[in-house]
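First chain A sits with chain B, and in the next complex the same chain sits with chain C.
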Partner chain A sequence: MARSGGKPSDRKEAPERIDRRAALRQIGTVSAIAAGAGWAALAPPTWPGSLRDPDGERGKPKQPVFRLPENGFLVPNVPGGAVLGIARGQNVVAMLKAAVDAIGGMGRFIQPGDIVVVKPNVAFERAAALGATSNPEVLKALVELVRDAGAKEVRVADNPIESPESCFVRSGIQRASLEAGARLYLPKKSDFETLHIPGARWIEHWPFFWQPFRDATKVIGLAPVKDHNLCRASMTTKNWYGLLGGRRNQFHQDIHGIITDLALMMRPTFVVLDGTRVLFRSGPTGGSLDDVRPGQTIVAATDSLAADAFGWQDLLGRADESLPAYFEQAARKNLGNPDWRSLPFKEAQVG
Partner chain B sequence: MSHEVNVPKPSGAPARPRAETRDGLIRPAWLKPNRDGSPWYARTFRITTTRIISQAFFFALFSFLLFFTWFSRLGGYPVSLFLEVDPLVAFATAISTHTVYRWLWRALFVLVPTLLLGRVFCNWMCPYGTMHQFFGWIFNIRSNKGNIEKNRYRPVFQLKYYILTLFLILAGFGALQIGLLDPICLLTRTFVVTFFPASDLLAEHLRSTLLGHGLDVPTSFLSSAPGAAEQRVFAGAWFVGLIIFGLVGMNLVIPRFFCRVLCPLGAFLGVLSRFSLWRIDRDVTKCTDCDLCLKHCEGASDPHQALRKSECFVCFNCIDDCPEDALSFRWLPVSIKDRVIGTVKAKTATLFGRKVISEHLETERRTPDVPRRRWLFASIVGVLSFPFLRLSRDVNDRGFNEKAIRPPGSVAEPEFLERCIKCDQCINVCPTNVLQPATLKESGLEGLWTPVMDFSVGFCQLNCTLCSEVCPTGAIQKISVDRKLGMKDYADAGPIVLGTAFFNRGRCLPWAMETPCVVCEEVCPVTPKAIGTYDEEHTRWDGTTVTLNKPYMRPELCIGCGICEHECPVLDDAAVYVTAIGESRSKARSLLLAQRKEPNQR
Partner chain C sequence: MPTPADQDTRIFVRNGRRHYRKRYSLFEFRLGLVILVALAMTAGWVAYKGRHPDPSLLGTEPALGEGASVHPPADRGPLPQDIAPPGWRETVVSSFDPDHLYEKINGRADYYKSFGCERLVFATLVQAAAPETVIDIELYVLPNAANALGTYAGERGTPSTASVLESGIGHAARNALYFVQGRAYIRLIGSEDSPVVHEALRHILASFQSTMPSEPLPWGYDLLAETLRYDVGQIEYQSENAFSFDFGRQVYAAPIDDEGGQIFVVASPSDKDATNLAHAFVAGFLEYGTRAEKDRPGTWVQDRYLGTISTAMAHGAWVMGVRGAKTAAEATPRLESLRQGLDAKGAEFHARAMDENAREPAKTEE
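Then we have the complex of A and B:
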């Protein structure tokens, strides 16, 4: 510090020690650094300014855990009301409206001020006509219907298998969402949080596409009807797969158990089974128009299992085959009723 | 150097007259005319100011175009424009392929100005030059005298001509290596592999920080890859980053180190600029040999003596700095040496009746200062380098690397190496991040930084042909989705096959571990699927029964897109993996006899 240097001639006259003020300052600096370092390293962890981590636990990242609402996003049942609304026809808008009206109309489900998440299936980068993704026309009609019912905000969200942007654009879902005035949520890493699903067999704690669900009050699933190589059919229940992140490729080791967990995880306000196109083979990816046939049906339901069972028997035309195992597993957990004919349902022919 | 520098004493602040102007009005100091009578704005609106604006514009344009090289931003912009106007790219690929691909005629946009004005590209347009000049300026702590000494020409500046010679000879043999050092390729690659992922990281970090405070603010406009689910990663990014640090840092040792010493494009333009019609000219009847013109000389082109046309970047700093107004940029200036009467030594020299003041009568040196024997030496190195590169196992059909899987639309490997300039624009635009710059292991030094697919990172998305759109040189030929998938007009030709998938049954869950899986079959995008299953009821070790769908390949259907490998849950060393065999760009690398048939026989 204040060592008197200068020319050699000056040094002869310089004092042998540095002056007291400089010495005190230097000693003070050394003591302060030593004391500060000692405090940070040695003070008990609860003390302010302490960095002490005796067993290494303190330094590990903390993952906050999130939960969806206790009863999901359900609305109260109407005694005697239909659980399943089936509309057949050509006009997508009219069919959707008829299907929703059959289960009580949009006003039953959406109140002014609601923030509504709509979950289409945008898993693959495919043109809509190939049937591997939700029909954008249906999505558009649905978002418009929800907005007409007074929803404050409609959010469209999915976590695709392929690169998200390409999937949303190629499937037409991006355009349909924006045209209908919805807000799009493409998954970013920071959008995921660990979700706690009490009672789930496999995914009790799993990364969940949380961002669109922040402050959301209602959730509507919109799923196409697809053949599936492993779980045999992918419809409204399997559709929630797209809300999860992380190592989804492990799910196939017990796909039926996972779908049951998905049904447990998400209790939606209602679901729409989009049977305008049916991917009846080579699912869930398809890729050829030959794998798709028109279904001319839209189903709205407050019971996803019932809707899926209808899809299996009627739209996929597999009534003579037994239902995939996840129906029974989910039904056993009281997550729905695959025996849709035993439930109140309405069928309508429109346009 | 023992050259004496005659620096006039600084004239201090009162450069302008304090007295009232001719019209009698008193003006603020910045509005007063110059001492030589020129108006006030001549101080600000100089040609060098225009040059700086031009550099900023071109740097911004360059960054903008690369930033917009992304699925949702493409919108018809000519995103590879800088690579297309690079005359070295056009020239070297013309040597290696005997053709000028697609947009490469745009090199004329740089070639013609060079023939007229000299190396204007280097100091008016080149974004890499701008970057070096900027950092050299920011970090310059030398005195004026130090700057003058640093800006003298040095023999080491010849190196770039040897590099150019080497690269052009290699190009003649079909090994295109200009991309290693061509400034546009180098900077594009640096942006793609280092700066852009950093911007993604920043955008994502900012977003999660804001979310932590409950603010749902989109930050994707900061990201070069908006909508990508994962942070993009690039093989060998650290090495590309190290190179840019090193090259920028060298500006502290030699200003514009890269431009003066290494740049093959600069060398190419330097050779061309001997023909240029304009050049900086020195008036020997005004020049006092003070050397102040060297103070900010970017090219180290010796404007104080015989101007080295091949080195001059036409930055105009010398004209600005000359206190005697002896320098000007002139159209076809005459060589004055033979017109001087009398001798400089006896101080009797005159030029057109005016007294010659400068002791240096040479005003121009046209050609690069490279001795003929050294051109020869560089050529020999080039001739010998080709076999050294090409006889490396990995780039040769006799031992091609199984992981050198090229993007869809790529021409066969030897032609690919004739065309690829390692710019990495394809890697920039790839939406799944599957395209990676090759490290030395996939195709040796010759294929360094060329695009290869790494399916542990991404996969080739079925309907995507973006890499083929942005490739400036046709290493990846422009293809349509129909061509890629073998649809409509291309049904006979069949789909483009990148490679073939194989199962490693020893690591596959259903095959080896009594555990159901078949993610691979699920994600297989072709129809009918290229992965089938043998389904069996199986009693496990603990007595429970499971249905195992044991996957197998149908090789005629596999297009090598790699999504099976990417989605395989055996992450570290996937149980299904793609190798290059069977790629449709090369008959020699086909796997099945059926693949060898001509399209119309199929």
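Then we have the complex of A and C:
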């Protein structure tokens, strides 16, 4: 090659030739990449490999979705065993024990090592005597009974309507829980997770007070008997409303629908209907002692609707009125039987 | 003195139990002893505190709960300063506007909002000597006295006693006092039925009466209670959706029997408006019943489910009527006395009624 002189950068070199095979390979590679990118960008979102996100929804961070156990926290039925245990009397401890014994005793439900969540109604900042919240004496007796059965841990939890700290203190539930050796769970924002409830109408995906339910093996509801200005009565099924987070007041537009969803959401080990006091009017908040009468009854049940129906007819004294609509809606979904008299039940008069 | 080689060995010592010195200095011994004692005291303190928790954790002091406050604690609204009686102290004041009312009263919020509730101020008083004894003050601020009275009447239930207070209505329960003062509906709820609570309730009531402006009774109360002598505690005012009719606004009603029968009256702007409104009421009643008592003047409707009798008619620019009466025979004299009462009040009274009605703020659709 003849020297052209000048600077080396000025030299012009002949273009490198590539053979046909290499050219085809490069064209193929570029085409494949372009096609892949085109597919990912343009293919409908449901097609495999598509990254298309026309409304931006796919790009949002995914919230983990939690689910309660498939069959809830139920224990196997005992053939012929009572579904409802009704105890009447004055002594709270004796009444509770008699009611639970009537449905098989605490040993049927709680095994050594269980982690048990007890859900009282602590919705309002009211003294216990006003009947708007669960009776702390009943809660204390219940926690002690559960611990005596060998539970590894008992957790008391609720997400009240009003300030949780004030509600737990004022209602006496905090003192009763701690004295009985339970662990209190007052809700914090970080305690809520999105719960998936298949088949629920309003709360298929809804914030749920999850923290107390981590590793929990059994759940017991403890609800007072209350008049309710919207759903006519608040008892064991409505009690689960206290586990919801978010702007739950919107559900009052279809109060019976949401109570049906609650029955679907929580299948407890058993429920206790605290009829020691009955807020027979001005519920659910109450406030006047003139609206409260002694009920002197505690009911334990493996069927929430049956317990509620008993409360409606016997404790609220509304046997001549039709049951609130949620009974029928929940029964239609096989979530319980409001016809409590058709179920095996035991009734006892104790101290 | 350890040699550099020994130090290396110490760093990579394989036998952790090996002693490098046979004896330790007195200072080291004392230091170890101090640390040991400090650890023992810490353990003892933890054990003691575990058995003697902070009383505030178990107390009834509601000052813990300030999380629901929407407005700053200083925003007391019309709540009087120094409301606490001697021997009591105020702990927490919180305030809830209509958008946050549900945070305090949940499902009852819509009821208060239907009367135009502007604010709920909540305060708790604690008895100094017995902190478990408390009185909650719920003060609902309404647009006017009529709405305050209407709210009260709807919440009242069936108390055993009711008494007219200085400028409104109130009644006492065993542990509580409910009353209207000016344009506020106030609930004082004691935690127990005891003399100390009763005394405090009286003190708080007096405090409200002396500090909050009162308003004259609305025209409906004037007519039904003052002129026609219906029980003042039983008079109802429905700001909207009276009898579940969307046209039923600003309706005053009083009971005429023990089974829900009521006489009612509405002020309309003109005779023509009154006639139209009366027709609307009758048409509404007819949705649930059939015409009855055809021999009597006016259109009477018998409810097909309950069997009760209702009617409505214009009288000048007034609409008056009966809803849910047992019989037309019982209702007719009530209507006649209402007609006479309206006539006796004259045109000025109608002007006053219209003026009061106009002062009610318009409802906004949500």
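Throughout what follows, the second predicted complex is superposed on the first by the 291 of 351 C-alpha atoms of A that agree within 3 Å, B and C clash if a C-alpha of one lies under 4 Å from a C-alpha of the other, contacts with A are read in each partner's own complex, and residues count from 1 in each chain.
Following the convention adopted for this analysis, contacts are C-beta pairs under 8 Å (C-beta built on N, C-alpha and C of every residue); 3 or more make two chains touch, one makes a residue touch a chain.
As the structure is a computational prediction, the values presented were derived from the model and not from experiment.
*Asks:* Mind checking the superposed model to see whether chain B and chain C fit together on chain A or clash?
*Replies:* With chain A aligned, chain B runs into chain C, so clash.
*Asks:* Of the partners chain B and chain C, which touch A:211 in the superposed model: first, second, both, neither?
*Replies:* After superposition on chain A, A:211 lies in contact with chain B alone.
*Asks:* Is A:221 in contact with chain B, with chain C, with both, or with neither (first, second, both, neither)?
*Replies:* Neither partner.
*Asks:* Could you tell me if A:187 is touching chain B, chain C, both of them or neither one (first, second, both, neither)?
*Replies:* The first partner, chain B, only.
*Asks:* Counting only touches as set out at the top, which of chain B and chain C does A:275 meet: first, second, both, neither?
*Replies:* A:275 sits against neither chain B nor chain C.
*Asks:* If you stack the two complexes on chain A, which partner ends up touching A:85: first (chain B), second (chain C), both, or neither?
*Replies:* neither
*Asks:* Kindly classify A:338 by the partners it touches after superposition: chain B alone (first), chain C alone (second), both, or neither?
*Replies:* Neither: A:338 stays clear of chain B and chain C.
*Asks:* Touching A:175, do we find chain B (first), chain C (second), both, or neither?
*Replies:* Second partner only, chain C.
*Asks:* Using the superposition on chain A described above, determine whether A:129 touches chain B (first), chain C (second), both, or neither.
*Replies:* Touch status of A:129: second partner only.
*Asks:* By the touch definition at the top of the document, which applies to A:254: first (chain B), second (chain C), both, or neither?
*Replies:* first
*Asks:* List the residues of chain A that touch chain B in one complex and chain C in the other.
*Replies:* Overlap of chain B and chain C footprints on chain A: residues 125-127, 161-166, 169-170, 228-230, 249, 252, 255, 282, 284-285, 287-288, 290-291.
*Asks:* Of all residues in chain A, which touch chain B in the complex?
*Replies:* Within the complex, chain A touches chain B at residues 124-127, 159, 161-166, 168-170, 186-190, 211, 214, 228-230, 247, 249-250, 252-255, 282, 284-288, 290-291.
*Asks:* For chain C, which residues are in contact with chain A within the complex?
*Replies:* Contact set of chain C toward chain A: 53, 57-62, 64-68, 92, 102-111, 134, 136, 155, 157-160, 173-176, 187, 189, 191-193.
*Asks:* Quick one: which bits of chain B touch chain A in the complex? Just the residue numbers, please.
*Replies:* By the definition above, chain B touches chain A via 71-72, 204, 207-208, 211, 216, 220, 226-231, 431-432, 458-459, 461-464, 509, 515-519, 521-529, 533, 549, 563, 567-569, 571.
*Asks:* Which of the residues in chain A end up touching chain C in this complex?
*Replies:* 123, 125-127, 129-130, 161-167, 169-170, 174-175, 178, 228-230, 249, 252, 255, 281-282, 284-285, 287-291
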